[in-house]
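Look for chain A in each of the two complexes below; its partner is chain B in the first and chain C in the second.
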Partner chain A sequence: MTTQTMTIGRLARLALLSLGALLVLAPYIFMLSTAGKTQSEIFASSLSLIPHTWNYLANFTKAFTRVSMPMLLWNGVVVCGMILVLQVLVAVPCAYAMAKMKFRAARVMMALVMLGLLVPIHATALPLYVAFDRLSILNSYLALVAPFSISVFAIFLFLQFFRAMPDDLIHAARLDGMSELGIVARVIVPNAWPAVTAFAIFSVVAHWNDLFWPLIVVTNQAYATPPLGLLFFRAAEAGDDYGALMAATLIITLPLVLVFLLAQKSFVEGITMTGLKG
Partner chain B sequence: MADLAISGYSPIETAARREARTALLLASPALVLMLVFIILPTVAVIVLGFTDFELGYASFRFVGFENYAELLNSRTFRKSLWNTAVYTAIVTPVSIALGLGVALLIESEPRGRSFFRTVYFLPVASLLVAMATVWQYLFHPSIGPLNALLAQFGIPGPNWLGASSTVIYGLSVIGIWQSIGFNMVLFLAGLTAIPRDLYAAAEVDGAKSALDRFRLVTWPMLGPTTLFVTTISVINSVKVFETVKTLTEGGPNKASEVLLFTIYQEGFVFLRVGYASAMTVVFLAILVVLMVLQYRFLDRQVHYS
Partner chain C sequence: MSMFSLRDITKSFSGNAILKGVSLEAGDGEFIAMVGPSGCGKSTLLRIVAGLDHADAGAIRINGAEVSHLPAADRNIAMVFQSYALYPHLTAGQNIAVPLAMRNLSGSQRLPLIGRFMPGQRRICADIQRQVQAMAASLKIDHLLDRKPGQMSGGQRQRVALARAMVRNPSVFLMDEPLSNLDANLRVHARGEIVDLHRRAGVPTLYVTHDQSEALSMADRVAVMIGGNLLQLASPQAIYDDPDHIEVARFVGQPRINLLASQRDADGTVSFGNLRLTSASDTIGDPRVTLGVRPEFVRLRAEGEGALATRIERLEFLGSEVIVFTKLSAIGETVLAKISPAEARGLAAGQPIGLDMDPSHVMLFAEDGRRLAAAPLKAVLREMVHG
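What follows is the complex of A and B.
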């Protein structure tokens, strides 16, 4: 459709896209630049991007010592990992039963799933907080993970995928003497891999970023997830030490951005699929 | 076979019963967790909304609609609703228009397609609390690059996040920056799904300019996608919290109080659980209305499959 010659229209399009890209990237560029500047240079407020005196080492040292960055990242990995594993383990068998088996509770389940899709954590947080407080389980991985062990969105997404799978596949497996759980593990999951990957990306991005729930249940730094840890770090930096602050934001943003850059295609596809089904 | 018949059920019935039992077993963990973590808390929040429950006090009593009456008269809550509405009214249309614009440009330009897609999508994969901190620096009234840039042109920059007249716009800029990429990938998916021959047909019918093709083919065919993107954008905007909590704490002078922040403040800082529950019910009602509107619209307007 498009010819390869450079027309004015194409040049204009490329210029527009590049300008927009520059604006989108601006925060990252300034983050990289400011993380290497000294306090005095930051306060001189020049627009130059390359630091006069390279202060990267000092700023990163500060970022690493004030709040334990490796611990924050580790907490993030543990919490997101536990949430994802639980969500998939709970949702896949349920979605399979709802999609491919006949049982009376199926219709009620469907209604509950649709209802559940409407209710975000923000709506259930108050009673859950009161209950967790009574059970004295605030400030624990359990408190961070438990409410997300069930994802109705996962059930909803997998359900659509499983329904599209041919029944013959399952009948054949049954004739081979496989148990229903065996069918789920060895037939359904391998065939639903695209849906599982898509959901995994959606889930990790959502929970890695979530501030609301960790903020409520965690006051002890030892259990802080990356967003909450950054909040603690900001509170610990009383002044405007933007050099150290930018170094900290860089450290904390990098892991997920790297994963994204390495697995771009599945990342975008995953977000697209979950976005459109949601 | 005969001994099975004695039990009163045919073999088919027995098999059906066994299947139902297995199915329920497979679904039971999900069912239990749904009840514990979604249904019960939702019912509880509605009930708590009618009480004066406060964390730390042993007893509470039912107060009827007192919390809701207090909400109606609360300056903070009204301000909070208004700010959320303003934020949504800015972020949703702008991020959709820009997301669509970028998607159309990328789709029509073979060069650098995956590069641009990556760049525009980057904010979606970045920790919002961290990037909000970067924006705070960009917006800084005296040392921030944005005002330094404006100063080059002799324009005195405002105190973006520190003045009550501009704070909601500053937050909106961050919100837009963050969601363009998300909207873009959804629109890209929608654009790829449009059959190419429709454009050829439109051209035969006299749609010569790119604008005509957009008006006659692209826009109507994107209807369902646009509706989805709109709903998701509105809901995400109504849920704005991270940036407000990180950067402004609702200030200055309540100029950036938004719904979830007010709920957080009342419920988890002041521990007025009953009152905050009533607020949560209002929040939930807004989400329900939005979803109902989407389904209505979906039924009536946008079916082109």
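What follows is the complex of A and C.
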């Protein structure tokens, strides 16, 4: 592939792909540009990508000082981490049982998983809110994490992946004297890293960026996740300091971009191996 | 001393009978090859013996003890899988160590990180390492111990799988087509190795294969399984020369046996061309019988002189021998003859030729497939020749 000459077709393909990438990246590029502009330039009638006066330092200082940025990021890490760990802990044994063990309820469970995939969080948000309120666990990590600890999507994804694992491997493990839990821990999980990585990206991206649920259960800034923090930030600034807001947004999206770039290879692997096009 | 036996094992999947009462017994250190066409239930039987599947009925005994209700891990059975089933994330050495670690280390000693601080763990681990090394040395795979299965060739993986199975001194050894993923040259070589290994270990072995030449060349006794029934369990020689059932005769032997439909007279005599056979007269029921004769006992002759009139369809040259496909002019049946290249000189497709069968090697099968006792009718034969 690397030695391929630049043919017309290849050039056209490249141009098309670049155009698509540019279209998708445009908002991000615009954000990058706005984060460096002064207030007056943002509202100027002329549009330019490169700021006239570089105001990055001032905007970033504001972003870091007006709200507790480290606390927001820390909350994001704690919530996303807890959600991910719980989801994997629950979904892996569940998917293993459904993929490799024969029992009567397997079909019913499969139907339930499918059903679960169809129900959005918005449908269950209100009952959950009421329940959490009664339990008086609003404004806590528990309220942020609990509704997502069981992910039917994770079960579904792992199920597809585990089904492709050879039965002989599990038979060999049983003959070697492993218990079913031992098989999950020693054979399944070490060989399921691509699927786990792929799921981790889906999960972390979804919950890092989630505004809906934190907005419902958190009113205390101490438990605010990054997107919710941005909301507080905007409210605090009366919605006019877009330069600083963009700088804050940039800070919040940066960890995800970095993680994705690092895990890109195994992410693509996991998706192709599960036969699921993201 | 180690032996095992199966008694009346039956199994059906959603109404389909896969195993219809299979019984067999393996003596101390005996190598039994189970052979049959795909779908005959041999792999199912193996999985039942291993404890990976449960029989509907029947008993499995290892060294006299009933194990049918024990889980796979407690039967002390080792199995080599067709796909080898090595753990892809572990090195060869770690793969071989797994069964030992699972058996010799307690649950707390196996825990990651904490495990190494448990009392006695270090001594047991060193012991396991020593056994792995010894096993690897005896299979000549010591240089592969640090490689992962993905970095090994098929033959190397197969040896690692053998090592993993043998390292814990099982009381029964099961093999599920362990050679079918190797290329032809390696397969013949590996046959010899497995037989050697089996002789050294002296563990009774049940070896499943669909390759009859593997079964005949490796086993002490061959079990032919067809359609969920174990039709015959006998030495390779007996299976080939003296099949109990028409299906066994049909399945074993390359090129396949010639089977010719015929009739039996009221006095039990069967005639085919100039061939006269007599069968035990007390078994007369259905007059329809089938004659079976292996291609090496079919001789080519000049036309006439009482030989069966045939025409050569084609010749297959196999190096040390030539297979002649002939068509019987009278009934249009194809008969195969195995002859030496010297005899085949001058033969060409389309040529008419006479056939003759060695009467002492012709087998007789009843309509239901059972073998019938039969003997050549010498008197008649002599009469024919002289008359």
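Couple of notes before you dig in:
Throughout what follows, the second predicted complex is superposed on the first by the 205 of 278 C-alpha atoms of A that agree within 3 Å, B and C clash if a C-alpha of one lies under 4 Å from a C-alpha of the other, contacts with A are read in each partner's own complex, and residues count from 1 in each chain.
Basically, a residue touches a chain if its C-beta (ideal position, glycine included) is under 8 Å from a C-beta of that chain, and two chains touch if they have at least 3 such contacts.
Keep in mind that what you see is a predicted model, and the values were worked out from it rather than measured.
Shared-chain residue A:Leu142: touches no atom of chain B or chain C. When the two complexes are overlaid on their common chain A, residue A:Asp168 makes contact with chain C while staying clear of chain B.
By the touch criterion stated above, A:Met178 is placed in contact with chain C alone, chain B being left untouched. Touch criterion met: A:Asn191 reaches chain C, while chain B stays clear of it.
In the superposition on chain A, no contact is made by A:Met71 with either chain B or chain C. Using the contact criterion defined above for the overlaid structures, shared-chain residue A:Ala263 touches neither chain B nor chain C, since it reaches no partner.
With both complexes superposed, B is the one of chain B and chain C in contact with more chain A residues.
Chain A meets chain B in the complex at residues 1-2, 4, 10, 13-14, 16-17, 20-21, 24-28, 30-31, 34, 42-43, 45-47, 89-91, 93-94, 96-98, 101-106, 109, 112-113, 115-116, 118-120, 122-130, 133, 146-147, 149-150, 152, 155, 180-181, 184, 205, 208-209, 211-212, 215-216, 226-227, 230-231, 234, 240, 242, 245-246, 248-249, 252-253, 256-257, 259-261, 264, 267-268, 271-272, 275-276, 278. Partner chain A is touched in their complex by these residues of chain B: 16, 19-24, 26-27, 29-31, 33-34, 37-42, 44-45, 48, 55, 98, 102, 105-106, 108-112, 114, 116-131, 133-135, 137-138, 140, 142-145, 148-149, 152, 177, 180-182, 185-186, 188-189, 196, 199, 225, 228, 232, 239, 241-242, 245-246, 260, 263-264, 267-268, 273, 276-277, 280, 283-284, 287-288, 291.
Residues 166, 168-169, 171-178, 182, 186-187, 190-191 of chain A touch chain C in their complex. Residues 47, 50-52, 71-73, 77-79, 81-89, 98-99, 102-103, 164 of chain C are the ones touching chain A in the complex.
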